[in-house]
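Take a look at the structures listed below.
In what follows, chain A forms one complex with chain B and a second complex with chain C.
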Partner chain A sequence: MSNVAVKGYAYCLNHVPELALHYGNTPYVERKTKGDSEFLKQLPGTLQRFDEALAYPANQAYIGGMDLNALEAHPQPWYAHRVEGASRFGKYGEIMPEDEFLGLLDMCDVFDLIWLEESFAARIREKLAAHPFMTPALLARLEKGHSPEEIRGEAEMHHALPLYFGEVPVGCVRQGHDVDECLEAYVLLENLACKAGGVLALLHLFKNAGIAPEDVDFVVECSEEAAGDMNQRGGGNFAKAVAEIAGCVNASGFDVRAFCAGPVNAMIAGASQVAAGARKNCVVLAGGAVPKLCMNSRDHVKKGLPSLEDCLGNFAVLLTPEDGVSPVMRLDALGKHTVAAGAAPQAITGALVWDPLQKLGLGFADVDKYAAELQIPEITVPAGAGNVPEANFKMIAALAVMKKQLEKAEMNEFVKQRGIPGFAHTQGHIPSGVPFVGHACDWINEGRIRRAMIIGKGSLFLARLTNLSDGASFLLEPPQAKKASVDSLTKEDVKALLLEALSDLAVSLGKREA
Partner chain B sequence: MDLQNQQRVKDAAEKFGAENVVVVLGSSDAEGAEIYAETVTNGDPTYAGPLAGAPLGLAVYHVFEPEIRQEADEAAWEEQISMMEMVLDTEKLGQAVKNMREQYAKYPL
Partner chain C sequence: MGALAGKKLILLGERDGVAGPAMEVCLKNSGADVVFSVTECFV
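For the complex of A and B:
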């Protein structure tokens, strides 16, 4: 079996401007090193309100509240042309407000690391009780809360970090150890937020895929955070921790790491297990990255633009054996950026796009849509990183020209036809191809496209272990007609076949006697 | 330009002499290229890194500028860079770096 069904998908955002303001890495480091700088004074005024984040067109596209073609046609800049009547819930997931997310953080905390102020905890309990997926078991995990004095004391005496809502402290995240830097409050906040985002996406996936938590066999997590202590800095694992909270009692799991190439590699790791028959219902998921909030805000502030990096991104995808109905992920033509391939963009594009197509005897035009590095351009362009998705599509087009499959004059048309607009937050692993899986599967189901290529690229060199980058890719296609196999025959089927054969034999013998 | 790279450029200029160092940029964004070029000629404009207030005046070029392109091995160029020549606005990138070089560089090629 070389195909695996993509049975369901969920995409959520957590709108967390105050986590961004205090714990996004750029403002956090600025505050630590420079104190109350001019940049930090201006930053709060550039962050979006919840209703603005809901109405931001790219956010709606991410949660399935807006088609990508509609996003592309939407007037720009998107931050100045918001969507009227935008809903918190889209067909893939939701945009959760910050107060509820702080409550979810506490629900995902099993080591009493998150303390919420008691009146805030009571208010959030009421709000979360109205959430469609917060079960009584989950709500029971929300603590009763602590007094403001206790929370203040924890911050002043024990290095806890305050959590804010409405510009006032409403709780704190506590350190996990006195001297272990891997368990300091900041790291634990990062990890718990990533875990909570993964849980939220998984809860939506249950509904979207029509499965129960106990149906999940295995979870592969693919964020960029490291869970561990000072003796095993990245020991793991987020996958099982997420599965536990979401009630996946029959699941185990592991984490896959490859910077931004993590999700595509994780999809391949999950699908390979399904294809081998080792697991049946395999979920690939990731929560978001607190440090990447407000990452480019210095440039946004300098240019008087809104700081749009105020959302944690997360996703979950369910992979199952081929069912003849769901779009499939092909495993017989995967893109792999090998060690020897080299670091030049054309070597990478060749390995990830051209090599798998060649293996199947296909050309560049046989893929209707490509998806690689889907960062929202309004975030990256002012920061000097350019329109990242467009640059990727141009690279694919340029390679097609080099391979003599496209005329140079047709490059722009190729990019327009086969590219998609960037609609994912600059959350590292989140933009890398996988946000398009949901839209691509819908479009395949609707007959709008026949084939999509999902491409992930990761900057491994940031970890200072290698100068290499990494990449991986796979193709999504329509389901193939289900073929009857020996395994799928029931006892009744065999009986009916035997009776049919015996009856044929009797007729034939009767004829001979006559 | 990140702080580590600023330090590496500064170290190289000190070790080999500023007149013997040429910085070749590969930035894909003109605005970014301009800031990198400014950093290694007139000093770090953000005043955050080791090159803050250190106008090294180095010779700086974008890899797409003719002075560098003509030095490159034809086959290597074709294999490594030619695709990106089709993707990027090479003229704009080169011009951005040239502007800074003409204003601040003390040691042109």
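For the complex of A and C:
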């Protein structure tokens, strides 16, 4: 078997402006190193309210509340042309407000690390009880809460970090160890937020894919966080921790790491296990990255723009054996950026796009849509990083010209036709190809496209272990008609086939004699 | 040897643009001295 079905998908955002303001790396480091700077004074005024985040067109596209073609046609800048009547829930998932997310953090905490103030905890319990996917078992995980004095004491005496909502402290994250830097409050906040995002996406996936938690066989997690202690800094694992909270009692799991190339590599790792028959099914998922919140906000503030990096992104995809109905992920032509491929942009694009196409005897025009890095341009352009998706599509088009499959004059049309707008938050691993899996599968089901390529690229050099980057890619296609398997043939079937063949032979011999 | 011969270079690469090592390869025969080369990622 070289194909695996993409049976379902879920995409969610957690709108967390207070976490962004206090613990996004850019403002966090600024506060630590410069104190109360002008940038930090201005930043709160540039963050979006929840209703604004809901109505931001790219956010709606991410949760499946808006088609990507509609997003492309939507007047820009998107932050100045919000969607009227935007809903919290889209067909793929939801945008969860920050107070509920803090409650979800507490639900995902099994070491009493999150303390919520008691009146806040009571309010959140009521709100989350109305959430369509919060089961009694999950709600029972919410703590009763602590007094403001207890929370203040934990911050003042034991290095806990305050959690805020509505500009006031409503709880804290406690440290996990007195001297272990891997278990300090900031690291644990980062990891718990990532875990909670993964749980939320998985809860939506159960509904979207029509699968019960206990039927999940395996989970592959692919964020960019490191769970461990001082003796094994990145020991893991998020996958099993997420599965536990979501009630996947028959599942196990592991984590895959490759910076932004993690999700595509994880999809390949999960699909390979399903294709080999080693796992009945596999969920690939990831939560978001707290440090990347407000990453480019210094430039946004400087230019008087809204700081749009206020959402954690997360996703979950269910992979199963081919079912003849669901779009499939091909495993016989995977893109791989090898060690020897080099760092030149055309070498990377060649390895990830051209090599797998060549393997199948296909050309650049045989792929209807490419999805590489899908960052929202309104976030990256003002910060000087350019329109990242467009840059990637231009590189693919340029390579097509080099391979004499496209005229130079047709490059812009190629980019327009076969590219898609960036609609994912600058959450590292999240924008890397996978946000398009849901839209692509829907478009394949609707007959709007026949083939999409999902491309992930990871900045391995940031870890200072190698100067190399990494990348991987795979193709999505329509389901193929179910072939009769050899196992399903009975002796009677074989007899009937033989008799039919002999009868055809007799007729043909008779005709020849005549 | 071209205009860069004898110059000292600092190369700042970008993940979705041109990476530091790719620029180093291009400048190998330029006669310039690459004193610092890095690739950064802002997304």
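In this text, the second predicted complex is superposed on the first by the 487 of 514 C-alpha atoms of A that agree within 3 Å, B and C clash if a C-alpha of one lies under 4 Å from a C-alpha of the other, contacts with A are read in each partner's own complex, and residues count from 1 in each chain.
Throughout what follows, a contact is a pair of C-beta atoms (placed from the backbone, for glycine too) under 8 Å apart; a residue touches a chain by one contact, two chains touch by 3 or more.
Computed from a predicted model, the values in this text were never measured in an experiment.
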Going by the contact rule set out at the top, does A:399 touch chain B (first), chain C (second), both, or neither? first
First, second, both or neither for A:385, with chain B first and chain C second: both
Contact-wise, after the overlay, does A:201 reach chain B, chain C, both or neither (first, second, both, neither)? neither
Which of chain B and chain C A:344 touches, first, second, both or neither: both
Tell me which partner A:462 touches in the superposition: chain B (first), chain C (second), both or neither. second
So in the superposed three-chain picture, is A:408 touching just chain B, just chain C, both, or none of them (first/second/both/neither)? first
Is it chain B or chain C that touches the larger share of residues in chain A? C
Return the residues of chain A at which the contacts from chain B and from chain C coincide. 342, 344-345, 347, 384-386, 391
Using the touch definition from the top, list the residues of chain C that touch chain A in their complex. 13-22, 25, 38-43
For the complex, which residues does chain A have touching chain B? 342, 344-347, 349, 384-386, 391, 394-395, 397-399, 401-402, 408, 411
Residues on chain B engaged by chain A in the complex (per definition of touch): 28-29, 31-32, 35, 79-84, 86-87
Flag every residue of chain A that touches chain C in the complex, lowest number first. 259-260, 295-296, 342-345, 347, 373, 375, 380, 383-386, 388, 391-392, 426, 428, 431, 457, 459, 461-462, 467, 469
